[in-house]
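What follows are several structures.
Next come two complexes built around chain A: one with chain B, the other with chain C.
For the complex of A and B:
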């Protein structure tokens, strides 16, 4: 009992801190906060796919969009109850990510990037041509907040849901990373030939990690659907992909603490920058990413490690 | 018959732009193994410099065109020196240069949008809006200009790679860079020049495209994706591959738009479907790389 409590303690502290912030923040700041939490959820799974398994998959935002559209179409437009709508969307996400992963994950490096990029473009074309089903180029908007088990989830109550999904995603990926499968992913990502020589089934590992992380992206997408009660093809296009990609690299790809740091820093930066320089903030983003790749290959979290080592706090090896 | 001949001209026009973009990728990809994702944005910069030189400064085309080629080539060269070169020198992971170029794509696009705005800019065609007919082949003068320039560029590229010692040196780097370095080829200079050449060709593609669609900060995206699709269809091994792939892609697009019973908006999906199919089924493209000859 005591051990279980000790293991749960950091999680409870993190959850309490996140909820406390949700209670303190109001209005515009609360909106930014909620959006940041959803972005962090998406970036965490992207980091696992790109940073740990080293798969440059631009289709990640498409699965995010699939989750958002799936739960909106089934749960709102078709008036299904929320629980089966969520389940059905999950099944669709698993099946479609398998369909994408089986042929494309044989490709390496930027060839995988290009194939998944083409998949992502086909997805947005399909959304725009979906007629009444997807709402076409305007998307779907103005629908009501969801009710789960008779409780209407809106406002702060919905923020709690967002926090729960973020922590769950973090926990799933953390456990995955510490498992045999997680080590296999890292080995395949670092050197697939050496991994194969160790007896790891490279093809299966690559497909599995793609499916698991894409499904987690779909879960984040479901949360996004009721953030502003608004889904639109433009949201799930390349800009969002670049954003989480930049956050992962600047924060420190391959480490969960790194990507969370990247999400927080870049969100705060873009908020403060857009007040000063307006639309040029994206330009500054680009410059920061170039600097990060050139001078801090292990990201901001690597700088944190250096500072901790200087102060003698015993930096953890990455 | 006349319909068919006009189709041929429009295939040549579209294919010419795709072929130049594909060549721009190829010039960087062969010696370095790096896909320069920013090719489309470099084309946009070419179109913007063209607008500044031709429409604003009213320079003659014979001055404007070399100016565009030089400026964009220089931008690409500086990009290589400041970013990619440092990563290669440091032995960074293979994907790092690709990622840094992805970030450069954003910088080019936003810098272009900051300087030239987000509206569509008129780019004057050098021969006006006249139509030309050569035998049964009729089309806009710009279409014939694109076809002619593409033919000249590809002839020059082919001659360079097949007939000059410098071209052979580039080919040697593509086959085995360490052996090439041992033979006394300066890798650093060769990679720098390949980026400059790739940028120059991309800028040329943007300049030629801009009178057809007007110059805008978003024009690079279709050029980038279609150029790469063309390269994947034709194969990354040889210069001819880029040209063959581009013409096939352009032909498929035009045939689908004209004859397939689907709405035009679905035709947007054609290059993406072709890209996926070729990546998965025929990753070496239609024309395989020339074998190492004895």
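For the complex of A and C:
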């Protein structure tokens, strides 16, 4: 019992801190905070795909959009109850990610990037041309927040839902990373020939990674749908894709703590920059990413490691 | 004479006009240490790759315990207990040393993906069990002291031991060594020979492709000699050194040291 409590302690502390912030922040800052939490949820699954398994796939935001649109179309526009709407959206995400993964994950590096780039392009075109079904270029908006046991999940109550999904995503990906499957993912990313020689089914591993992470992106998308009760094709375009890509690289690709650091730092940076340079913050990101790749290939978390080692704070965190 | 664990029958492989293997047959028994030698281009690597599944044969059959394995992809061959090592060490740089060894246990893991996602007690127990095995295996190959190190800092010889440990983790029936002594210092070679002998004693069959005769001839219980894709000798290593065909094709002199 005491051991279980000790194992749960860091999780409880993290959850309490996140909830405390949700209670303290108000108005505009609360909005930024919620958006950052959803972005972190999305970036975590992208990190597993790109940082751990080394698959460069630009379709990640498309699955994020699929989740958002799926749950809105079924749960709001078609008036399905929330539970079956969520379940059906999950099934669609799994089926579509399999359909994308089976042909594309045979490709490596640059070519996988190109193929998934085309998928992402197609997705936003479909959203814009979807007529009443997707709301076309304007998207869907003005719908009500979901309810759970008669309680409307809006405002701070919804922030708690976001925090719960973020922590669950973090936990699931961490468990996966520490398992034999996680080792196989890294081995395939490092050297697929040597991995196959050790009995690892390379194609199966790549497909599974793609499906699991894309489905988690769809889960984050479902959460996004009720953030502002507004979904729009522009949200799921390449701006967001590059944003989570940059956050992963700047923070420290392949490490969860690194990605979270990247999300926080780039969100705060964009907020302070947007007052100065307006909407050109993506340009500034670009410069920062170049600097990060050149000078800190292991990301900000690598710098944290160096500082910790200097101060003698022991081994690096996972 | 026990039933062969591995049997190659009429293995034939041509690359365009070049015949790399022209009807190679041989068998391998459990616990046997078999050497494969021959001049460069004799077809040793081709035969090796045909067994491991990285090359498809033009004709012929390979049986593992009577079951045909030719045509299976490399990971399926490995999953059936036929594990190869590479001539150039191939560590996984983004994994720790112990995790590199644990990769070898991949085919031993039974937990399902959903069980891994929520880290079921069974998945945890299995992981703990294999981690202990990995530490024991590192001790066995003599890398126990280096276990907390980084794979990038291992010497070439230590890298070879790591590959051997990784192969052993898969509970193999056969290990295929591709020039294991190449690039090693004499003490490292002696240590490796000792390890391979122990592996054979434990009942695992070993096939060693090697150019270093000082290493191979005392180690192998039997050797086969390939030349131009054909088997020209199959038998006792001491006889191979006196066999005129072998001397002409490969050894080159009648005064070979053993």
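In this text, the second predicted complex is superposed on the first by the 314 of 318 C-alpha atoms of A that agree within 3 Å, B and C clash if a C-alpha of one lies under 4 Å from a C-alpha of the other, contacts with A are read in each partner's own complex, and residues count from 1 in each chain.
Just so we're on the same page, a contact is a pair of C-beta atoms (placed from the backbone, for glycine too) under 8 Å apart; a residue touches a chain by one contact, two chains touch by 3 or more.
Keep in mind it's a predicted model, so treat the numbers as computed, not measured.
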- [ ] Would you sort A:172 into first (chain B), second (chain C), both or neither based on which partner it touches?
- [x] second
TODO: Answer with first, second, both or neither: which of chain B and chain C does A:101 touch in the superposed model?
DONE: neither
- [ ] Please tell me which partner, chain B or chain C, touches more residues of chain A.
- [x] B
Open item on the list: In the overlaid three-chain picture, which partner chain does A:201 touch, first (chain B) or second (chain C), both, or neither?
Closed with: second
- [ ] Mind working out whether A:129 is in touch with chain B, chain C, both or neither, as first, second, both or neither?
- [x] first
Open item on the list: By the touch definition at the top of the document, which applies to A:74: first (chain B), second (chain C), both, or neither?
Closed with: neither
Open item on the list: If we overlay the two complexes on their shared chain A, which of chain B and chain C does A:218 touch? Say first, second, both or neither.
Closed with: neither
- [ ] Would you check which partner chain A:294 touches, where first means chain B only, second means chain C only, and both and neither mean what they say?
- [x] first
TODO: Applying the touch criterion given at the start, work out whether A:118 contacts chain B, chain C, both or neither, answering first, second, both or neither.
DONE: first
Open item on the list: On the A-aligned overlay, A:163 touches which partner chain: chain B = first, chain C = second, or both, or neither?
Closed with: neither
Task: Common interface positions of chain A, toward chain B and toward chain C - done: none
Open item on the list: Considering only the defined contacts, which chain B positions touch chain A in the complex?
Closed with: 35, 37, 83, 86-87, 92, 94-96, 98-100, 102-104, 106-107, 110-111, 113-114, 225, 228, 232, 263, 265-266, 268-269, 272-273, 275-276, 279-280, 283
Task: Residue numbers on chain A that touch chain C, as the complex places them - done: 172, 175-176, 178-181, 183-184, 186-187, 189-191, 193-202, 208, 212, 254
Task: List of chain A residues in touch with chain B within their complex - done: 54, 56, 103-104, 106-107, 109-111, 113-115, 117-119, 121-122, 125, 128-129, 242, 245-246, 249, 279-280, 282-283, 285-287, 289-290, 293-294, 297
Open item on the list: Under the definition above, what is the set of chain C residues touching chain A in their complex?
Closed with: 52, 54, 73-76, 78-79, 83-84, 86, 90, 92-95, 99, 102-107, 109, 111, 113, 116-119, 123, 127, 130, 166, 170
